[in-house]
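What follows is chain A paired twice: with chain B in the first complex and chain C in the second.
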Partner chain A sequence: MTDQTRSQSGSAPALTRRQAYEQRLRRRSITIAAGSTLAVVLAVVLLVPLSRGWDAVKRSFFNGEVFAKTFPGLLDAFLMNVAIFLWCAPIIAVLGLLIALFRDVRSPALYPLRLFGAIYTDVFRGLPVILVIYLIGFGVPGLGLPRPWNSPYIWGSLALILVYAAYVAEVIRSGIDSIHHSQRAAAASLGLSDGDTMRYVVLPQAIRNVAPANMNLFIALQKDVALLSFIGPVEVFRQAGVYKSLLANFTPYVGAAVIFLALTIPATRYADYLMHKQRRRQS
Partner chain B sequence: MKTVVTSALLLAATSSMALAAGHGSCATGLTLEENVLTIATGNPAYYPWVLNDAPESGEGYEAAVAYAIAAELGFEADAVKWVRTSFDEAIQPGAKDFDFNMQQYSITPEREQMVDFSLPYYTSAMAVLTTQGVVDAGATATLDSLKGLVWGADASTTALPMLTEIVAPEKDPLLYGDNTDVTAAMQANQIDAALFDLPTALYLSAVVVEGGVLLGQFPADRSENPDQFGLLFEEGNPLRDCVNTAITALTDSGKLAEIEAIWLQKATGVPVIE
Partner chain C sequence: MAKLDLKGVTKSFGDNMVCRGIDLSVDEGEMVCLIGASGSGKSTLLRCINLLEPIDDGCILLDGVDISEPGLDPQPIRARIGIVFQSFNLFPHMTAAENVMLAPRRVLGKSRDALEGPVKTLFERFDLGQRMHHYPDQLSGGQQQRVAIIRALAMAPEIMLFDEITSALDPELVGEVLDVLRQLRSEGMTMILATHEMAFARELADKVCFLDAGRILEEGPPDTLFADPKEPRTRAFLKRVL
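After this line comes the complex of A and B, so read on.
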């Protein structure tokens, strides 16, 4: 305590030789990091515009006029992404949990559930998302469903839900597996039923353990919502494509990228923070 | 059909011989490869613009026009090389691998800021493609009736702005990446109608969409923003002036109209929407 107060008052002799050495080392590495970062930034800023095609690239990818003209429309279209995400995410969470539980049933009579869970995750993790969207989004309504039940919003969302639930199920299952079976034994010795053990002992810990991994999946989902545009819905990626072809300019795609990043970067940081917190708790 | 093809090729061959001397100098040194004219088309190229996805045959309206232009510029038919590009490859910055690109590009002032277009080689009416079921349900070729339909369109075409400006549908149109997806959605009854250029709509209604019907057309010669197709050039390509001269010559001589008569069905009988 006394050490700290002395160093706060700024008296230099308070530093031991070791502290002084470490401080020197720290300053040196900060200087080097700043220098190398500056060198890279300068190289990019100075050299890229020197390349022959820069003017053309700038005009077709970073065109301020086009950006200003199309950005409000893109923001508007992004609401569609958010809406699709919002109605898919809770269903994915529930279905994923259900499939994970299917894969953990221990009663021999319920073996078909276990088998179903395994086949389900194998199939839907093994298929490209876009393929599932095409097959379900065009295929199922083709059976002759009446409106509004053949809407691409319904079947496209279902495709996303099926695929992402498979991933979420695998993540939750890994969480369940991470709980040592001595805990189940302990719960059983306390007289808890299998169901109660899962409900009160295993799942609360399992889900907390895999929260960061699931967070990453939902970030990926936010991006994959754009794939729904292939079967009709006009979300931000499609809207950007429309502007691109009308203006023969790729700037709207850059605008869409900016919108995505504005959402995914904070979400990624938050996932990192969760992961960090978890590591601290466990160590 | 065969005799038509041979006569068309013969026509192209003779005119190329006749004109080779007169126009040969214009394009010299302006093409990517010396003495070779490299033309890009879509991948795949659609009927009736190119038949059987084989532009080398000169069959289909755009293939035939391409060979006619090549002949005007003084290129023999075997000096024409075909490459394939998507729409995006055609407008991306940087060196191009084609002299000009021909896949029903509508000429618009916005696009003209980024790339160059030739004079138009075709002016298209836009037609409403729908299915018999929708017509039976009471859809008619009036703007009031069209407003109430669920619309679809190919997102990379100028059909969408036309749709919102002229029809102004009550529900937002659904958009797709290519013609095939639009027709798939129509078949799945997710959309009622879609807007295409007339030749494409005729082909889709006759061959692709089961029970396809052309409900009506917006005439080509509307005063505002007619949909005109031009060849796409990299911005500032000096070859454009040569090609424009060739297109003017083909238009004046009636050759272009002749090719149109051979390859594009006359669209009579499709009611005009006022």
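After this line comes the complex of A and C, so read on.
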């Protein structure tokens, strides 16, 4: 036993022929990839500044001074994006789940729910997000509601919630459809009610299967929060616009882009990783 | 009175009439085997008895009470009749023990604490005490099928239906599942099996029914049916499978 462990961990393990071959191959491809990447970067760095407009672009988009001055303010404004996202996301999750369940009801008395679910998802997936934000964000406060009920924060958020719940509902429904009917049969054969079958057998599996797809939706939502700037709320995109007018410089937009990417790239990568893991498990 | 009595049961899927008037009577503690070619309607018949499929005509009596009455709530009846499928159909997101406890908790209203002891005993009885907290994909096919049997037994059913429960298993795993059936047989469980295991049917069944094109063409004790089939079609089928 001890002999074995020593020989496994102690001495440097000799590579098999296959491993040695794969290592050579891997080193070669890493070298080639690094070389070609370096060539492209060099070309960009050297050639772009040669173009005639580069100085002007650099001054108005990549101005270090403006960037340093406005970035803290943009970060502050981004907290508003985060807040809007945080109060919308749970409502979207719950509403999306409800609509998905509406579309699965079997009893004829509940047929109106089923119909409502179908119309709802068709309508809100069929409209551009910005249009819904305009209609609700300008339309409802136009009714002359008293403060605070005329706030664009409320109605803008509602627009996002309505649209994204439709997408989430559709994703969850596809997850429900993906569960093999033999699972329902097994649950029914044990005497479980339709409701319990859904709650304990179908939904947990369905939601797990579509978690990566839902994550991608919530990443898209995080970006679309910026659309609310068109009806009033001061979030990072709007704040960048304010700085732009103030300083007559576009660098704040680049700052806003940096903030979005810092959040969305890791999140997208993570969703891809989840999706990849799932596909491997299913095959 | 028979425990279970089928009278003239018919069932169609569209134009395809799968059960064409089935009469079958099963006494308490009896083990009945259904044999027949693929597509002869064995699975469909079992699913009808468990009310997973509604029948078109005829009736199914359980203790003399018609359970096939259209409009009857099927849930309490399903809870009294256990079924085990060829493809196990365990819930993959739950451990073996959770699979077994779900229905007793939700349907019989028992608490997790109250179930823990009896469920553990059940697992140990079928030699799975060490596997209780494993997920289905961590179990072999034979172990999964035994968990599926335990899951059905945990509802304390009055009858157990088995639909070719060894057909999806590697040959070396068939034995451990058949042993479970032997054990249930010796404990006096009323059972109906659809099976391709002729040797097993011959060894243990009280009655063997040969299904052909949705009818029970011939039935009798295994010694008679296997040794001296009356119908030419039965003879042809047995010649093919034996």
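Going forward, the second predicted complex is superposed on the first by the 259 of 283 C-alpha atoms of A that agree within 3 Å, B and C clash if a C-alpha of one lies under 4 Å from a C-alpha of the other, contacts with A are read in each partner's own complex, and residues count from 1 in each chain.
Operating definition for what follows: contacts are C-beta pairs under 8 Å (C-beta built on N, C-alpha and C of every residue); 3 or more make two chains touch, one makes a residue touch a chain.
Nothing here was measured: the structure is a model prediction, and the numbers come from that model.
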Original post:
A:V234 contacts which: chain B (first), chain C (second), both, neither?
Top reply: first
Original post:
According to the contact criterion defined above, which of chain B and chain C contacts more residues of chain A?
Top reply: B
Original post:
If you stack the two complexes on chain A, which partner ends up touching A:S51: first (chain B), second (chain C), both, or neither?
Top reply: neither
Original post:
Is A:R147 contacted by the first partner chain B, the second partner chain C, both or neither?
Top reply: first
Subject >> Which superposed partner A:S107 touches (first chain B, second chain C, both, neither) >> reply: neither
**OP:** Pick one for A:Q205: touches chain B only (first), chain C only (second), both, or neither.
**Re:** second
Original post:
Considering each complex separately, which residues of chain A are in contact with chain B in the first and with chain C in the second?
Top reply: none
Subject >> chain B-touching residues of chain A, taken from the complex the two chains share >> reply: 53, 56-57, 59-61, 138, 141-142, 144-145, 147, 150-152, 229-234, 238, 241-242, 244-250
Original post:
Quick one: in the complex, what on chain A touches chain C?
Top reply: 182-183, 185-193, 196, 200-201, 204-205, 208
Original post:
In their shared complex, at which residues does chain B touch chain A?
Top reply: 87-88, 91-94, 108, 110-111, 113-115, 152, 155-158, 160-161, 172-177, 181, 184-185, 187-191
Subject >> Residue numbers on chain C that touch chain A, as the complex places them >> reply: 47, 50, 52, 74-76, 78-79, 82-83, 85, 87, 89-93, 102-103, 106-107, 151-152, 155
